[in-house]
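Paired with chain B in one complex and with chain C in the other, chain A is shared by the two complexes that follow.
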Partner chain A sequence: MSKYVPTIGIECHVQLCTKTKLFSEVDNDARGKEPNSCVSPVDYALPGMLPRLNGEAIRFAILAGRAMNCEINALSRFDRKHYFYPDSPKGYQITQFYQPIIGSGYVELPSGTKIRIEHAHLEGDAGKLTHFDGYSLVDLNRVDTPLIEIVSMPDIHSAKDAHDYCKELWRLMCYAGVTYGDLYNGNMRFDVNTSLAPEGSKKLGVRTEVKNLNSFRSVERAVEYEIKRQTKVLDSGEKVVQQTLGWSDTTGKTTPQRSKEVAADYRYMPEPDLPPIHLSAEFIEAESAKLPLMPSDYRERFKSVIAEDIMEALLDYPTLMQKLGEINEQYVKNVSNWFASVLLAEEKSAEYLNDLPSAKDLNELAEMNEKKELSSTATKEVFLRLFDPQMKGRGAKNIAKELGLIQENDLGALEKIVDAVLAKPETQKAQEDFKAGQEKVLGFLVGQVMKESRGKANPSAVSEILRNKLTK
Partner chain B sequence: MKTANKTVTAERLVRDALEKAEHFRDYNIFTYINKTGAIQKAREIDAKIARGEKVGRLAGVPYALKDNFLSPEGETTASAHILERFTSPVTATVVAKLEAEGAIMIGRTNLDAFAHGSSTENSYYGPTLNAFDQERVAGGSSGGSAVAVALDIVEFATGTDTGGSIRQPASFNGVYGLKPTYGCNSRYGVVAMASSTDCIGFFTKSPDDMDLLMSIASGRDPKDMTTLPDYYNNTKSGARLGDSRLAPARPSLRGSGAQSAPVVANVHETPTRRIGVIKDFDNKSVDSEIRNALKRKCETLKKKGYEIVELEMPALKYALAAYYIIVPAEVASNLSRYDGVRYGFRSDKSKDLDSLYENTRNEGFMPENKRRIMIGNFVLSSGFYDAYFLKAAKARTLILQEYEKAFEQVDYILTPVSPSPAFKLGEKANDPVAMYLEDIMSVSLNLAGVPGLAVPAGKTKAGLPIGLQLVGPRRSDKQLIEFAKELD
Partner chain C sequence: MVDMEIKREDILHLADLSDLSLTDEEVESLGKDLQDIIKYISQLDELDTKNVEPTYQVFEMENVWRNDEVVEQEADREALLALSEKSRDNQIEVPKVL
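Moving on to the complex of A and B:
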């Protein structure tokens, strides 16, 4: 199997979460809205209508570009790409064919592999068709939602890297704040080109393109499948047919969509209704400066504190990483563990992510935990209460007090409780057993002390005192 | 411009116009008569006048609207079958500005379907007849608008000029017709022909009327990103030509704010104004009566102290070829939206999506529309783009530079509008190239984005109007209109 080297290039469409559409002043957020309710005469291409460029989309493109370490072009233009289909009311898509706004750059995978970006450009999305028996319905809500199409160089050579690249792109776009990043609803879609060439060959093989993948897992599976399928084709002495394929998650297979033999001629033409976009160096600089910290920044910053697997799990949630950035350095390890092991396991974690406790509360909680004022169980309990709308804002310490979870660390007070327990007749047998060498009954005695203290005693301190008293 | 007042009411003006429109029905000027709407609006204005309220600068002035301007009044058909029964929910910016000043649209005028043509013979509703000879064409594409003004039905009419569609019918019918600087007037709400050359302008009986309309219609429109910052009303009366020629052709996101400064700087120190005539246009393909009319005007100007300069502009000979590549490409693109899916005509013979497109477009477009769509798609197709479209774009740059160079030597250029006066109906209808040659003197202005004003210049022996074309640098529209008075 290893005699072929796969080469993979990926095109990714990212829907931008601008307030209005790319070329009109209509609401760009059609989630949960009636079909064709977010459509202006410009979008449905009434005669005489002209596109008006959305400045926010330009600013988002700069952020997206900078997130991928890309050059931002001082001059870019729009072009028309023609095709007839009811999802395209104008009969053409406004895109950037000749001079895109985002130039070359790279994306670094968690493994350290760099995938180069060829370019990325702005364009308008198409509408949506739903097919029924004998007729189809057209919904133009999505028409001219701003997209950036990110075109990678063919730098990817495994299904795993394809997966990681898509995931990293998704993270970058979410961190940059330019998309809602909802993959299920198509906020990001991937077209994956795969070809195989014999090991050592300098020429690339014939490629196939799997269109419209909307999860990292399906990207990985589709590439795996294509590598296997193409290997089989080549092994049998046949040639791979250059074609566009669809992917089914259910069957786990790719199937041909349309043959490139009748390649569409899009008759590209400069868009005469939109002037060129001139961006000054100062403007690009000022907008780029708004880019928040990226995953790679957090990896670098926390690499000695947070374990790699926990880091990668947390990196999927930009709000968590931003919050960790505000936590006192000595507590980051603990707080990141609570985020990873407690929060992400919660059923409501998705809701919680957008409304995290303050850094002050988390620092306070971490401090109590470190001073052993809270047991690890109690710490988790207080941690979750910090998300509770009823409790929120009262402060970690107050919540711990209200719940009576603060541990008794005062040795004098603990000794008194221990003495009281040891004086109880029902502990006499256990005391004798321990003295006779039965180590495990210590746990029973600690439990009794904890019970007596109503859970506030610090168990390790208790066991220390008990041990001292019983071995005297 | 005769506006309404207490003695001559708006209703009177409107009823007169409607009566004249009815009287000249044979000329096939209108595709729609806005009788009820116009009278109602006139009464509203009269009520305002009676109450002593302020009315606009065009209060009660009846006008004719070329039928490719969108407004909810009547159907906007662009004289094309494919837009039959299309009622627009939006109003073109220029229409809104005129109506805000009290102008009253009494009817929509005939044109070559989608403004493709030079005779109005390509209209789905048949040709409009020349105001001076019913056997001859009105010119086009804005034929209906030109004749409506020439026959005094209305005081002004709107037009669109992509390659001569205002200037040529104006000259065929003896009225003033202005193609402004590209980007001076908003194209928003006007059925697009070729986006990079389309200009919105007017037909009037006098330069003063033209000036008034331009002061109302011009200016930056956020709905049209190719509009220039307002310069027309910042141009001082009597100002000399200025640094306008150095300004970029198109606004940019970066520079738009800085360009709004008034254009008044003097370039020429000498008091004598210099008028250019183009050597290449003085040849036998131009009707001798038109050439003589041009010479007579030059003599008049010399007597008034102007200097006449012969210009060599060799790049202009590529204008027609470049135009008939760039414009059809944009036409093919702009007409893609007429697919029978969302509005307008839809063929009922169709069984599936492909046949819906094919039948709708085949039945809905006129032969000339189809010819331009095919040329346009050909020159844009993969493998031909560089050879045709890109080369034409380069020729366009040369033409633009040639105009810039010319305006370093002269203030204005005076040329014929078309090689001949109005021709006979049917004379060129079956010869598309002969028809395209009609545009030979007008299209270079559209490619360069410079303004051109067609001015009446007498008549032929047979009594047909002759028109001359005044050309100025970009943004010299106001000076150009003022200078037209010198030609009288």
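Moving on to the complex of A and C:
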């Protein structure tokens, strides 16, 4: 049986979370809003309307580019890409075909594999169509939502790497703060090109394109499916047909999309309504400096305290990593473990992660734990209460006190309790036995002291004091 | 380029891209018009533009950006929807496309 090397290239569209659209001063956040309620005459492409470029989108593009280690081009322009479809009242999409704002760079996967970025550019999104029996409805809320389209080099050679690349892109864009990153609502969409070539061949095979995937898992499954399908086609001596495919999560299959009979002919031309973007080195430098810490920065910073698998799990939550960044260094290990075991295991992440406890509370809690004022069980209990809307405002220390969880570490106070217990008649026999060499009765005595302290004594301190007193 | 000939297929291709249906007479006359326009524009080919920067715009402007602040629009949804031939459920209704 012949062997083939798969080659995968991915185009990713990222919706930017600017306040207004790319070319009009209209609300860009249409979540939960009525159709056509976030539109202006510019979005409607009424005659004479002039697009005006949103400066924030430029800044976001710089951040997104720097997050992918990309060059930022000093000069970029917009072009018109013509096509006729009801989702675009203008009859063209404003994009950057000839001179994109973001140049080449690379994304490093957690495995260390580097995927090169060919370029990335700014463009406006299209409207939304809903199809019914005999007619379609057009909602223009999404028209000209700013997008960054990221084009990878064909550096990906497995379904797993395709998955990891998309996930890493998602993380980078979320950490850079340029998108809400809500995949379910299409904030990031992936078009995946897959081709097979015989092992050792220098030429790439004929590729197919699966469009509009919106989850990492769909990307991985669609690539797996295409590799299998194309292998079969080639093995039977036939040729792969270059075509656009759709993917169904339900059937787990790709199917040809009804393609236009004529090849696409977009008749690109420079957009005369938008003057070019000319960025000075100082401006690029100043904006780049605003890039927050990236996943790779956190990996580097915490590599000696957070285990790799826990790190990769936590990295899916940018707000959580930012929080860890504010924690005193000596407590990061503990706090990250609480997050990992309590939060992620309980799968309450979504509701919890929107409203994390303050760094002050977490530091306070870690300190109490370190000073043995709280047992590990009590620490976890207080940790959970820090997410409780009823409790969280009160501070870690107060919550621990209110719940009566603080361990008695005051040696003087503990000694008094121990003395009281040792004076009780019912402990006399145990004291004799211990002195006679029966180690295990110490546990009974510790238990008595714990009972006397109503559970607040620190057991290891108690056992230390008992040992001292009984071996004198 | 001066001798570029607009064929019937070119007109049909352009019409197809713009979703226009043309009568035979229209194909004929549009072809002739387009041929004339291109012939006229082609006079520019006589000039040597080897060392001339392409013109993307005629104003020497750059970096015309606006602030990222929502501005209340004068034209509301109803006014805009009223411009379309048909609307339904606050959306523009169009013949079924896929």
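Everything below uses one rule, namely that the second predicted complex is superposed on the first by the 397 of 472 C-alpha atoms of A that agree within 3 Å, B and C clash if a C-alpha of one lies under 4 Å from a C-alpha of the other, contacts with A are read in each partner's own complex, and residues count from 1 in each chain.
We adopt the following convention: contacts are C-beta pairs under 8 Å (C-beta built on N, C-alpha and C of every residue); 3 or more make two chains touch, one makes a residue touch a chain.
Note that this is a predicted model, so its numbers are computed, not measured.
Judged by the touch definition given at the top, the superposed model places A:L129 against chain C, while chain B stays out of reach. By the touch criterion defined above, A:G48 reaches chain B but does not reach chain C. After overlaying the two complexes on the shared chain, residue contacts for A:P276 are found with chain B and with chain C alike.
In the superposed model, C is the one of chain B and chain C that contacts more residues of chain A.
When the two complexes are overlaid on their common chain A, residue A:T20 makes contact with chain C while staying clear of chain B. In the superposed model, A:Y268 lies in contact with chain B only, and not with chain C. Of the two partner chains, both chain B and chain C are touched by A:H82. Comparing which residues of chain A touch chain B with which touch chain C, the overlap comprises 41, 44, 46, 52-53, 55, 58, 82, 84, 86, 91, 138, 265, 267, 272, 274-278.
Residues 41, 44-53, 55, 58, 80, 82, 84, 86, 89-92, 138, 265-269, 272-280 of chain A are the ones touching chain B in the complex. Chain C contributes residues 13, 16-19, 56-57, 59, 61-71, 73, 75, 77, 80-81, 83, 88-98 to its touches with chain A in the complex.
For chain A in complex with chain C, the residues that touch the partner chain are 18-20, 25-27, 34-37, 39-41, 44, 46, 52-58, 77, 82-86, 91, 129-140, 258, 262, 265, 267, 270, 272, 274-278.
Taken together, the chain B residues at the contact with chain A in this complex read 68-70, 76, 78, 83, 86, 88-90, 92, 187-192, 194-196, 222-226, 250-255, 329-330, 332-333, 335-337, 339, 341-343, 353, 357, 377, 380-382, 385, 389.
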